Amino acid sequence: MHSHMTGDSLDELRGELRGVNLELLELLSRRAELVERVRAVKQARGLPIHAPEREQAMLEELEARNPGPFPPATIRRLFAEIFRASVDLMERGKDEVLKVSRIAGRDDLVFRVKGELVGAGPVLIAGPCAVESEEQIEVAARELARLGVRFLRGGTFKPRSSPYAFQGLGELGLRLLEEAARRHGMVSVTEVTDTRAVELVARHADVLQVGARNMYNYDLLREVGRSGKPVILKRGLSATIDELLWAAEYIVAAGNVEVVLCERGIRTFERQTRNTLDVSAVALLRRMSFLPVIADVSHAAGRRDILAPLGRAALAAGASGLMVEVHPWPAVARSDSEQQLTPAELARFLDEVGWPHPAPRPVAVAGGT
Amino acid sequence: MHSHMTGDSLDELRGELRGVNLELLELLSRRAELVERVRAVKQARGLPIHAPEREQAMLEELEARNPGPFPPATIRRLFAEIFRASVDLMERGKDEVLKVSRIAGRDDLVFRVKGELVGAGPVLIAGPCAVESEEQIEVAARELARLGVRFLRGGTFKPRSSPYAFQGLGELGLRLLEEAARRHGMVSVTEVTDTRAVELVARHADVLQVGARNMYNYDLLREVGRSGKPVILKRGLSATIDELLWAAEYIVAAGNVEVVLCERGIRTFERQTRNTLDVSAVALLRRMSFLPVIADVSHAAGRRDILAPLGRAALAAGASGLMVEVHPWPAVARSDSEQQLTPAELARFLDEVGWPHPAPRPVAVAGGT
Amino acid sequence: MHSHMTGDSLDELRGELRGVNLELLELLSRRAELVERVRAVKQARGLPIHAPEREQAMLEELEARNPGPFPPATIRRLFAEIFRASVDLMERGKDEVLKVSRIAGRDDLVFRVKGELVGAGPVLIAGPCAVESEEQIEVAARELARLGVRFLRGGTFKPRSSPYAFQGLGELGLRLLEEAARRHGMVSVTEVTDTRAVELVARHADVLQVGARNMYNYDLLREVGRSGKPVILKRGLSATIDELLWAAEYIVAAGNVEVVLCERGIRTFERQTRNTLDVSAVALLRRMSFLPVIADVSHAAGRRDILAPLGRAALAAGASGLMVEVHPWPAVARSDSEQQLTPAELARFLDEVGWPHPAPRPVAVAGGT
Amino acid sequence: MHSHMTGDSLDELRGELRGVNLELLELLSRRAELVERVRAVKQARGLPIHAPEREQAMLEELEARNPGPFPPATIRRLFAEIFRASVDLMERGKDEVLKVSRIAGRDDLVFRVKGELVGAGPVLIAGPCAVESEEQIEVAARELARLGVRFLRGGTFKPRSSPYAFQGLGELGLRLLEEAARRHGMVSVTEVTDTRAVELVARHADVLQVGARNMYNYDLLREVGRSGKPVILKRGLSATIDELLWAAEYIVAAGNVEVVLCERGIRTFERQTRNTLDVSAVALLRRMSFLPVIADVSHAAGRRDILAPLGRAALAAGASGLMVEVHPWPAVARSDSEQQLTPAELARFLDEVGWPHPAPRPVAVAGGT
């Protein structure tokens, strides 16, 4: 080995290196083609793309057969990188068929609900965690309308951890919400949790919400996809960004493209907040999909004192709107009392977020019914 | 303040705290009695139960009179919680208790399904991820029965991340599973994902399964609770132990105590495994509840090579059984191909786990039907 | 019980309820006082505040002794709430002694390094992951200075997962960084990982950095606290917000208040990003402490395409600055090549973030020294 | 494309992929040989090894010639990785391998410390969280020796979240531990946190421990690798299994193969336990490495009531030993009081775990040396 070392010409060696690089390039491309064919077979059979154990075995074989001079650890690392690139390729292939994907050049989705634009300027969806009584939702709607809020949320079928906790007013709540929204010219938003209730809820509400706990409830996703109403789809407690997009795909595949993705915080080890607001998800969802993305800062934080910075951050990351829980009397709310704002606090929140003060609807007209 | 600091004994202080706790308990009970009497009066007069404005005023008085050291916000929060409990009490009487809890001295739940004991010695639930064809489930059942397995699992309504992936054979799958189980004298186990399908699935299957993705689907929990069939309830991807118990409470509260809790791995940052098997959950669930606890090692690991140590660990932590995915030909399985065992691999798994070799059912008899 | 129901006067009952409420208030306050004394004892002995097992036992006793009519689950919930309030009280007590805490009315910390303000307007800290050669750091510094960047970062002692990966140029790197910074009138920032190297690094660098991997390295924290140099302290990979503040307390307690907290993403289950940028942490750190908070968006994202929205979000949440990795030729960088920007990309990033275009230093003057 | 899709067999495609992988391996090795020759020439002529500009140009050519289907960015990334590996190779020769890996057929590491086997039958490491006084450690050692425990742990330099909490007795603690261990014929185990203290600690203790908070403290890892003492390396709070193995590699690469890996629970969202014991990590570490693996159940659980099931689970998953905190009087311990066992509780724990009752050392003889 020593003899040729001194005799080597740097230029010749560099030429040889270049040749090897080009051979590697060709081989990598051949590999990528094979990988695409594997993907096609796997996709047809519904098999998972990623096969860690197979990779592990292949890595072991390569390490064992490595003639050097790269140390085994380097061979392992390089091939792990090549495998990862292949999985990326396979999954990107997969992405290309997704209806929710942002195809190059595709504009953001913008749609109207009762005249209100979604996906254009930022929207604010506010209201109590749950509809509790006629007076409560009426006061909430009136105060919110006064602040220029167009979207009135209120839970009527509440998914609660305990079967003994307040589960919402059900159909009565739906009617109260519907009437309050109509009186104040607002768009009503409420959650649906049961496939059997989709039709009922869709009769009363303008926008259906699928909650974080039901993001993987594919039967429900299909059903709301057939409801003809726009859907706000919340990210599951520990759902990946890809899973959220797949869940949206269920709705869109069922015929309904008016889907709004909602980041609402993910579960982490951190105890100071109820969940961890994931602004990277907002940014990535905007990049990966053409659907509008909003952020529910109330559920993310679980506390009132950082709602404004979180709201600003979500908008700065690209969110097309915010969802905030507002209750006329939060302390006596029947759920989520820790995180609901009073209407006065919402006004301060909007100031702190720098929300453009929308002209409130003339109450006379809206309330004229 | 300094003088008593050094003098304070932790044990004495704890004794005093205990005393105060018991006084609080008594006072809360007195309060609850008054609340019940208020309810009776209101009911007799047809008055509404919930009076948010009155509560709001009382909270303000309490906050004003608070001598500390609890900050006012804490006093507000604690009393709001007490008021909420009172409203709950008024609305539903006083007969509810946490039915899934292990009350002191309460024995483990043991029940029978088609003669097979659950909750006594460890049970093994095995079978393919999905029922794919008559031959596949028949071969699976035959091979499993030969190994002494009594519980045959097989997905018929599959919740899949992609709407375009294989979603199971549906009702056909139910019938194939039912027949295979009957031919081999086995208990059939299958997942139900839609409230509307519970009745159908319960007609064909012996045990219903609620998957991890549906653990928070409370409507479904209530419905399976009314089905009259035992239920295997899987822990959600990032559900806390408390949330799993509350989910079980939904089923039990609906009238069905035959619930088996299933740990199946939680979502963490670790990439080598699909999920992280949480054996502490197995141990704690056994301590906190009298319901049987099993572990699904296939979904926890997501790879075959560590199933045996995980199975041993789960049993060592107190699991009353294991669930394992077994497919006659895993490589061509339509889902989860990386983690399913062949029947031969299952035999080796059982050896490595040290599973007591149960006498296989005489095939002639079982298949005679 | 039935007899008095009808005879009850609503007003009398309400009066009694009010009385019980006030008794509860007094008892809760007594309890809180006891809790404060427990805290004093625990603090003196360095005992942990939270005792979940003891609480569990107490809850079981209370549940067992509950005379009704509150159901046991309610008693459990109410007392869990009371216990939580007590732990909060104990921990708030603890907070009050922290030097890093934001005492009511305390202004944000602002300090100067070589004339540059930190903690006032947003600062930008940029530079390559590692100092690799004289030419590389010189080109980087020159380009950055041209863009108005005042803080030049560059790793010289690199903590790497593999002992065989490039570990930095060490002392040579320190000198190259120092000279490049001096030539362009910039403030140099570099990481120190070993207590024994603090003195050396402090001789050459203007600002010391403690990396995420060393946030719990308390010996190092004490040592940088004695170095006389400002310190950037990065949050550990899965450190809680409280732990980060405690780590800062180590530095401040050693005599150095010029500490900058750096959020750099936490470890979660999400795979699309290297880490999850936690903007709630930025908001809460600003609220809980008077120290400046910055965000390292490069390590949070681990990819270039969402750096701008993350930068905007961090600033919107209250960050006093950003850290970004910039390399003249990222593709051939010896570490972190995926996430480093070129100077041209940094210029675009600053535009997208809406960064105020600072007047670049006159190069002649800066280089003249 | 459609024609071959349906015709493709997964097994055939995988065979072809394997072939391409082996060709890639050969080509990479050829490239590495060329790189070594380049290095020799450069070294002989005193030229710098790294030529970033040349690499940048080659990357551009490769990107331009890329025929797909890998996207250009992937080609750039893969070759950048290959170039980086080449520079690494040039800088350090070819003698490195991943020393901690379980090479096919390699036996488990077994070694002796003061006559006690590690890595053979399960070992028990027990003792107080911290050495607090001569009497405390003496009583602990005596009671533990009586139960047959051979490894006495005790913290002397304690890493604590708060700078104001008890930090250990330091050098005094080291001497107390050393003497107690000698009197009872035990092996002493204690943590070292500072590179500057390694020599001191190694003079007094038989086994050095690197704590979870310092797993990424590579300077410390190198230093304990040179200490000549066996090392227990704890997994970081959220360290991946791969990162733990790399950390071990630092120690082994520094010349010390006597490393014991310690799983001690990872950080998750679950609140019932302090950490989540990851038994999959135990199983995988055993498979991936030949080093002994133990589990610290005390820190994993953070509570006493599930230590026995966790201990059983860890052993069942393949652990070669357990670490348990035992204190003569846990209630008054200066740290971790909630999770330390009394010696009597340890005896019960060992029974419940089914630990083989080792013959306790004759105290007279052991203490006589």
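Observations on the model:
Each chain carries a letter (A, B, C and D) given by its place in the written order, and its residues are counted from 1.
One rule holds in what follows: a residue touches a chain if its C-beta (ideal position, glycine included) is under 8 Å from a C-beta of that chain, and two chains touch if they have at least 3 such contacts.
For clarity, every value in this text was computed on a predicted model and none was experimentally measured.
The chain pair with the larger count of C-beta pairs in contact, out of C-D and A-D, is A-D. In terms of the distance between Cα centroids, chain C is separated most widely from B. Rounded to whole angstrom units, the spacing between the C-alpha centres of chain C and chain D is 27. Spacing of chain A relative to chain D, judged by their CA centroids, is 37 angstrom.
Under the contact definition stated at the top, the residues of chain B that touch 2 or more other chains are 10, 77, 88, 96, 238, 242, 267-269, 272, 305, 332.
Residues of chain C that touch chain D in their complex: 45-48, 51-54, 97, 132-133, 136, 159-166, 193-197, 213-214, 216-219, 222, 236-239, 242-243, 246, 249-250, 253-254, 267, 329, 331-332, 334, 337-338. Per the touch definition, chain D reaches chain B in the complex via residues 10-11, 238, 240-242, 266, 268-273, 276-284, 286-287, 300-301, 305-306, 309-310, 312-318, 331-332. Those residues of chain D whose C-beta lies close enough to touch chain A in the complex are 1, 4-6, 8-10, 13-14, 16-18, 20-38, 40-42, 44, 54, 58, 62, 65-71, 74-75, 77-79, 81-82, 85, 88-89, 94-98, 101, 104, 238, 267-269.
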